[in-house]
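Okay, so subunit A shows up in both of these, paired with subunit B first and subunit C after.
Right, the complex of A and B next:
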């Protein structure tokens, strides 16, 4: 967003938001640890992660949620999201290319507000789904 | 291993109930509805620097998080925080996490009810944690200068559930975020699974155990172990048996050989107990024995089914064969009759 405002009337059920892709790096995880305040060493300390039986460090669940959230807010407008729920289904690993998929599932009006429901997921290059969720946004109306 | 529970019992009154399933369940249930009390304020108000760190970590280039004009152009009164950044505003920070760890290690108060509950589950053996769900509801965007407070409460603690990761309890925490005027701005539900890993790290990640090098000369040995047979080389020229596998007979240097089956029984000639360094694929303490087979050959392998203190030189042992991954089985010795 930033340039074009998305109006309720412009959205169709089944429409898809532009895909965002990002290849996860260990530096991302360090950056995220500092930015989010989540210093669980499983996400940045390779020695501790492998000693716990993990093949390597892995991404924060909330990093995946945030990454998917950027595609969501780019599409509906950052101030318009009113609900965002996710389930973490798989771990993410450095080197994986993570891509977003966001689909409009419903349009509805509720108490004068124009609501759009969306289904969203984040998957790696092999189509393994990492995060699956749903969101609702309130969009401005032309009427 | 019981050492952890023994070491920590007595510090936390909750730990005494760890043994009994129903007692533990009752204790866990007693946490439901407990809260952190009065809302506690975030260390810092919503600010540009933290937002910048966050959007850079995310690769988020939306200008409404950094640029006042861009935000206004989108109809917002000013710069807003990314909605999914909600939790970051109330994280306790690195120093406080270290302090909590220190206090726990010293047997002092475990902190909030959530911290107490986590400590209790750790002591009951549910040592691993994985986030399963996060649900955020936003009542309004957060603007620069908003000073949040949060009140956390334990919404539910499930009974013992069997999951793909292992047996564990699902904990759902509810966080209510308010602004400086005490008005609600967001809620968050966070669900985690606190579980006892289903398998030891070795079996969970079998492929991580160092694999023996399988060569043209040694392949027969591993074909044998997979069938539960201990095979050694017998020289095709002088008949001498040898192990470990090698291309030539150390006696007559002949390159001819056959694989022959030998009895997996022998006696402990020597052994070591490995405590350190620990490789995740093995269980420690790890007993590694040099066993002399009845045929006089010697073989090195792990021992199982015996406490390290009970292993003795001369002990009669017999090898079993265990798959370490999908393809490779290795001999493991146990005292005869166990």
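Right, the complex of A and C next:
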């Protein structure tokens, strides 16, 4: 949980961050609605969601980005992300096990800062990608 | 005016001016909601041990910070009225279709922290339409540049890509 500091020298291109897996529950959706202020009923009201043709309530896209962001900061350290971008590709459904994948794609120095570029995505147990994107983090150096 | 002209006409138009206060309670609560139990989000001593001078926010918190920190009495009086994105998306929605959040980006110039007061100015940075699989996809990209209210230094820039599909 970000307690063991990751140094620039310890990261290799192609390395993967620890996978974070989470089975989505309706409670997650309610908690995210409350914490974000996004009360779109499609994310918490089963009656309205099914009446409009959805199989059930479904997750906020920003919950997916947030969960993936948690795995990102667990890896690089809170406060070290300098850029984070995703594209939303699929809805998430209660009961799905969502797993993160974060891969180091490049290491570089820029103006004295030690940067790592990462590819990141969140997928369900069948490998269906929910959000996909990239991030850049600044890491402390031992030098 | 064609639909394409209506779209290009909103590029560069201001969408918002606002001030937000970053408070500890909403930050801690938000961290839990994105399954983040790192103590730096709830314990200032843990934040200090991680090399931060205040409790930081999770990477996607800037998406919701206006919900909690947009105090009425500190809002700029010259905030734009109406939203050019609505001028385009409103008439499209009246004809049907759905709205999708296509992409989201955050660029952090320094960590956002509890105690910050940020001043943000938003604008439309792109707007265009294209055909895809027999559907018309209308894209509107907005950006908000947030600065430290006291020092004026850039803090975080958020970019959102909204799609209308019909």
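Definition applied: the second predicted complex is superposed on the first by the 141 of 143 C-alpha atoms of A that agree within 3 Å, B and C clash if a C-alpha of one lies under 4 Å from a C-alpha of the other, contacts with A are read in each partner's own complex, and residues count from 1 in each chain.
Definition applied: a residue touches a chain if its C-beta (ideal position, glycine included) is under 8 Å from a C-beta of that chain, and two chains touch if they have at least 3 such contacts.
Quick caveat: nothing in here was measured; it's all calculated off a predicted structure.
In the superposition on chain A, A:50 makes contact with subunit B only, not with subunit C.
In the superposition on chain A, A:58 contacts neither subunit B nor subunit C. In the superposition on chain A, contact is made by A:67 with both subunit B and subunit C.
Once chain A of one complex is fitted onto chain A of the other, the partner contacts of A:75 are absent, as it touches neither subunit B nor subunit C. In the overlay built on the shared chain, the residue A:8 is in contact with neither subunit B nor subunit C.
Of the two partner chains placed by superposition, subunit B and subunit C are both touched by A:22. Subunit A residues in contact with subunit B (one complex) as well as with subunit C (other complex) are 1-2, 22, 28, 31-32, 34-38, 61-63, 65-67, 69-70, 73-74, 77-79, 81-88, 140. Across the complex, subunit A is touched by residues 26, 29-30, 32-41, 47, 50-52, 56, 58-60, 63-64, 67-68, 100-109, 111, 159 of subunit C. For subunit B in complex with subunit A, the touching residues are 50, 53-54, 56-60, 62-65, 70, 73-76, 80, 82-85, 87-88, 91-94, 97, 130-139, 141, 197, 201, 204-205, 208, 278, 280. Residues 1-2, 5, 22, 28, 31-32, 34-39, 50-55, 61-63, 65-67, 69-70, 73-74, 77-79, 81-88, 140 of subunit A are the ones that touch subunit B when the two sit in their complex.
Those residues of subunit A lying in contact with subunit C across their complex are 1-3, 20, 22, 28, 31-32, 34-38, 61-63, 65-67, 69-70, 72-74, 77-79, 81-88, 133, 140.
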